[in-house]
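Have a look at these structures, which come just after this line.
One chain, chain A, appears in both complexes that follow, with chain B as partner in the first and chain C in the second.
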Partner chain A sequence: MNKIVGKDWLRVHSGDLLSYGGLVLCLIIFSILSKGKLWSAYNVGILIQAACVYAILAMGAVFIYSMGYMDISVGAQIGVYCILCIMITNATGSLLLGFLAILGLSLVCGLINGYVSVMLGLPSIVTSIFLNSIFGGVQMLLMEWVDTNSVGIQYDMSFLKSITAMVIAIVVIAVISIGLYKYTQLGKYTKAIGANETATKLSGVSVTKWKVFAYIFFGVCIAVGALFLTARTGSAGKGTGTGYAMDIMVALLLGGMPLSGGMRSRISSSLIGAFTYVILSNGLTLSGVDTSYVYVIKALVFLAVILITCRKKDGVLPR
Partner chain B sequence: MKNLKKVMALLLAGALVLGSFAGCGDSGKDTGGKDQTQDEGNTGENEGSGDAQEPAGGDEAPSAEVEKHKIGVAHYTDSGKGVEALKAYCEGISGATGCEFVFTTLSTYDEATNLTEIQNLISAGCEGIIMTADMGTTAIVKECEAAGVYLAGFLCDYLQSDMTAHEDVFGSEYFLGSVADGYLDPAPYGEQVAEAVIAGGYKNIGLITFPAFAYPKQADVIAAFQAKIDEYNETAAEADKIVTADSIELNFAPLEDTYFSEHPDLDCIFSVAAGAGMVYPVMVANNKTDIKLYTTGFEGTDDTDNFGSAGNQCYQGIMCSTPEAIAYPLCLLIDKLNGTTYGDLPQTEVIGCSPLVILSDADMEAIVNKSIYYSADYSKALITGEDIVNMCASYNPEATYAGLVDAMNHLGVDDLK
Partner chain C sequence: MKEILLEIKKMNKKFGPIVALKDVDLEIRRGQIHGLIGENGSGKSTITSIAAGMQQATSGEMFYLGEPWKPSSMVEAQAKGVSMILQEANTIPNCTVAENLFAGQEDHFSTLGFVNSRKMNRAADELLSRFELTHMKGRDSINTYGFEDRKLVELARAVTDETQILVVDETTTALSFEGRKILYRLMDRLAAEDKAVIFISHDLDEILEHCTILTVLRDGEIRGVIQKEEMQKEGSVSRIRQLMVGRDIGDQFYRSDYDGSHGSGVALEYRNVSNEKIKDFSLKLHEGEIVGIGGLSGCGMHEIGRMAFGLEHLDHGHVLCRGKEVLNATDAVRQGIGYISKNRDQEALILEGAISTNIVMPSLPDLRKAGFVSPAGERKLAKEQIDLLAIKCENGSQWVNTLSGGNKQKVSFAKWMAKGSDIIIMDCPTRGVDIGVKQAMYQLIYEMKKAGKAILMISEEMAELIGMADRLIIMKDFEIAKEFPRSEGLSETDIIEYMI
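What follows is the complex of A and B.
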């Protein structure tokens, strides 16, 4: 009986298990090539530090990608939030005030991303392009205003940059995300919008409302991510946040997130993807790989992980 | 069946990735983790390591007395002649100096990336790190302090840190100093180019820099250039006077096409902002290669083919720094790791080095035929691994800091000839 149950369970969940294959593959390869350095206490700590911001952002982004949308303004938003958080904290001496300011701003941006796109009948990516341009310009203006390449925070953020605080943050955001995703209408409807937006609308669901909520939650995650990024580096500049939109997308894909969203979307994709993405860079350095080969190897690993994690019957990519 | 295919894909992908690593891994020397490396140093197992394994790839035999060290090199770029030359140089000196080098690439705009890369080097067992970008330096220095890893700079003046976080960076015992990308005083380079422009007989000059908030000293180069031109204009006949256009800033993007329509009379451009990548391609696209270009950065491609009297003769001046300047931070790191310092070592500072300023066909010929920068041939290096050992106080009691600084001032074109 147990054997049959085990077989059935494996049959049902084999796809899910394989979606962890990318992470497992990276762990096995780099454990061997780094001669165990991957698992040193210091390395595990820096992996958590490096993955923290990606994981927090990716968990928020899951709600957006579940709807089949994406937000390319995340990098520029992060940059501006980090700079503003530092400037406000330095000016007032209150980190709480700095964080609340960027949290408020992120909520407004979430509202714009979600509501304006519906009101104007625009794809959400268009409003995110608009926000990306706005925030990119603001970031440049802020740095030119302070007339320096980088601004440093004068507040002691030692606790927030500790591994303990980062683990707590990942766990808290994960618990909230899983709770919202699995046990509330927000998760159910964002997946439904990704699966078939028209059908969801026709079944009486207020698509606009849930889109806005999804973007607002993502905004909260961006603000929290910006806080931890500021704590980690202690400074921010004109280029802070650059590339994060692509990094998040790659992390989610590495975690097996379908680009078209829908019912197969999972929060675990964000955590698996964030750690896979970070371990990839870390492992290559630990293994002593020549920098000339890094991009090629990253591309091969990316391709391998996508092949392993694809879950669409007739397709190659998880779309 | 579907899952069987996936398992096969997993196996094949694993083989693909493992195969791609073939030949890319460690040198074969088991360096161990950071702790292991430090333990070895502490227990003295490596002392008198002439009979120890030679670090990979060294062109010179290891000196009998040298200690083995693992040094991280975090460079701001991962491609180009400069990188090829730097890697060839490090490989060349590794045998004589006992240093194994681990390379990684930094970001020029993202603090978090740089911190992560430095953490990765520390985790890879590097005891000392040489860094070429001043971005996120405060957090990086704190990380190095916590990990007991020393840090030194190369091709970077750390002006940003000097101005905004001097105590955190320069006040840390783990930051040992830096050698800048060329002259520390920007005036000589600006004056050299001005003299070449005057001698060339150019009358309408365009001036280009990167933004002052990122490279504040570039404006000083232009100011020195302008001062020299003004000095010339004071005595020049009206018809011979040189006119300079207002300096513009390139925001790390290529020059706008409209620049040439706004300045139709230009016969020369002085771009302190990486002209080979940011200006020359735009000149080609606008059929303006009749304008002469003086610039920083050396690609060793179009700039060589069209320099001086060769090709379209567009390039008339190039400036870059040679990889041998890494000897400065390396000597400081080796001595610190060996527990010895120079008797005349001052407080942590940034020094300059003589750059390769190429202003004539003879200069270019010397670079092409005699420099490691162009050929990536270690035998052409101006400072060898043995020289580095001799410049370290821990290996040569007579070595002085003044001697090390002096060596940095003999890396120019004239020293190649």
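What follows is the complex of A and C.
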């Protein structure tokens, strides 16, 4: 009997194990291949720096992915936020003002993402494509307007560049998002919407309202992420933010997040995924893998993880 | 005894550790309409789905027309004469009726790779008329037809000249009154042509009326085979029920009183409600009253249920809950209305979610303290309901899609019991639920009435409406055709006359 329970337990939790397993495996393999360089204080710092923005964004994105939706406007939003944050901070001399401005803007975007799609009866992805184009355009216009290739921040942001600040940011956002995800209606409803939107609605849940809340929380995460990205790079240009939407999706999938959302979604996917994603790139480089092979190897690892976590289960019992 | 068409010997089927069939032996002879009956999960559909090539048996043998029979797919089985119609919708949306009828056979209508759709439509019309489905046209999009008609299209597609055995798997619950008649006539015709029909249904009356032989299953084993002569005998119904359930459930099925009294307060009121379908509907539902709404599928009764939950657009009139307008589903739930949808798996339950998640879903706002919902509170509430309704499960974290139909339905009841809703709209509350659970449901509904809850019971089963309702409303063509008070003398034939 014990054996059967063990098997069932394995089957049910195989997704969890695999996502942790993927991270652990990456750590072990690259520890060996890099001859311990992975764990050098310097490299750990690099890892945290690289993972910080991904982790913050992914924790917000979990709420969106849980509903079975995705937001591809993240990259363009980050680009605009970074540029605006720098411009406003430079103009006013106050970083706080710059951050508040982009926070306000991100809330508006969250509202648009959540509400407009419902009002116009469009799939959320369509609104996010729209926002992506708009923000891409705004990013271009802003850079044309200042007529340089990149704008640099004149404010001293070194306190946000420190590893301590980044760790604190990750921990604070993690505590907030875990709290929201596990112990409030927001987390429970986003999963329920992903699993069966109609049934959730017919349970008396105002789906629109909670959708908007989810996008707003994501918006806050994007604003914070943009702040840390600005701190790290110190400047922003036309290319800032490009690729973030896809990176977040890949990170979440590596962390075991099902694309369709629903009850199998886990908040831990964001942290595990972000670090796995970063360690995978970092480790391959440290191990001296030829850069030309890095993409191919990443693709294979990605495919392997997805095959095991997201494959449909067969052998469904008939009535 | 006529020739054996299909013989099943010592068939076993396992799904992991679960045994679905245990050493089943079954003979289907020419000219038989062979009924299969049993509770949910007793193995009826498993047997037929194996015979029709949908899945493979774990062990055992089958012989069809004397030859070993091991179909690898439904297509192969159908080509060799074993066809099956399923409970779920199985037509291809966004295509024409003709395209659905001849899916996979386009070669017969094509020249140089181009399908001659006019020729195909003509052939479709001809085929439809052979099945008395003259109200449908081959060139029409399948989307323009309702669920019932699409079911009939499947029927016309499944039965070909080669068909020797037709499996009808709980199809009748999806059919309208007219559609059922067409199906029954087809079954009789096949039997008269010395072919065979395997008929699966939850409706005992239907089985007794149409089957020539009946096999009763329980827990994947055959518990009894009943011949036509025995079926006609006195007390056969209770004997069959006993075989199915494994214990004597007695005659007490519905409530026994006939007083039909209720509280004085109006819980829910429809005031001259109309929209593009419903015409001027008015009704007052009182506290402690069960109002039954019956009619043919498509008479508008399901829309009435949805209206009370704010799910339908209204052109005129109001739906009032204790005098306050019901705006939308969220508002309805806040005002104490619960809605049990007819489409349980799509609209009422999160199948890929825990039982407890489903049960507490409407109650989360009540469980909230300072913005946070305590998991312990959730578990406690779910546990109470699981115990109260005797939902068969390991624990609350088991997923709903692992439950049988009856237990799933209990979960959708439990949602509103947990919420403490005092107006419950139930649309087909016992659809696809086996007898044992049905009896428990009726008991529960009666207790809800006694506790002063207002219940709107919408159903296609006249027997349960007569058995349970304080007041019975019959709808026809989107308006009220007749209202009956509760009485002992009311019979189905009295009612049917107003439905058609």
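Quick notes
The criterion applied here is as follows: the second predicted complex is superposed on the first by the 292 of 319 C-alpha atoms of A that agree within 3 Å, B and C clash if a C-alpha of one lies under 4 Å from a C-alpha of the other, contacts with A are read in each partner's own complex, and residues count from 1 in each chain.
Keep in mind that, in the parts below, a contact is a pair of C-beta atoms (placed from the backbone, for glycine too) under 8 Å apart; a residue touches a chain by one contact, two chains touch by 3 or more.
Small disclaimer: the values here were computed from a predicted structure and weren't measured.
When the two complexes are overlaid on chain A, chain B and chain C sit side by side with no clash.
Once chain A of one complex is fitted onto chain A of the other, the partner contacts of A:294 are limited to chain B, with no touch recorded for chain C.
In the superposed model, A:175 lies in contact with neither chain B nor chain C. Once the two structures are overlaid on chain A, chain A sits at the apex of an angle of 130° toward chain B and chain C, using CA centres and rounding to a multiple of 10. Contact with chain B, but none with chain C, is seen for A:236 once the two complexes are overlaid on the shared chain. In the superposed model, A:285 lies in contact with chain B only, and not with chain C.
When the two complexes are overlaid on their common chain A, residue A:196 makes contact with chain C while staying clear of chain B.
Within the superposed three-chain model, A:108 lies out of touch with both chain B and chain C [touch as defined at top]. If you count the residues of chain A touched by chain B and by chain C, you find the higher number for B. For the three-chain overlay built from the shared chain A, the minimum Cα spacing from chain B to chain C equals 10 Å. On the chain C side of its complex with chain A, the touching residues are 15-18, 20, 40-41, 45-46, 49, 54-55, 87, 170, 309, 311, 329-330, 332-334, 339, 341, 346-354, 357, 361-362, 364-365, 368, 371-375, 399, 402, 404-405, 415, 432.
Taken in their complex, chain A has these residues touching chain B: 14-15, 18, 21, 25, 28-29, 33-37, 40, 42-43, 46, 49-50, 53, 143-144, 147-152, 229, 232-243, 278, 281-282, 285-294, 296-297, 300-301, 303-305, 307-308, 313. Listed in rising order, the residues of chain A touching chain C in the complex are 4, 179, 182-185, 188-189, 191-192, 195-196, 198-206, 262-264, 315, 317-319. Residue ranges on chain B touching chain A, taken from their complex, read 2-3, 6-7, 9-10, 13-14, 16-18, 20-21, 24-27, 30, 32-35, 75, 78-79, 102-105, 107-112, 115-117, 119-125, 134-136, 138-139, 142, 147, 160, 163-165, 213-214.
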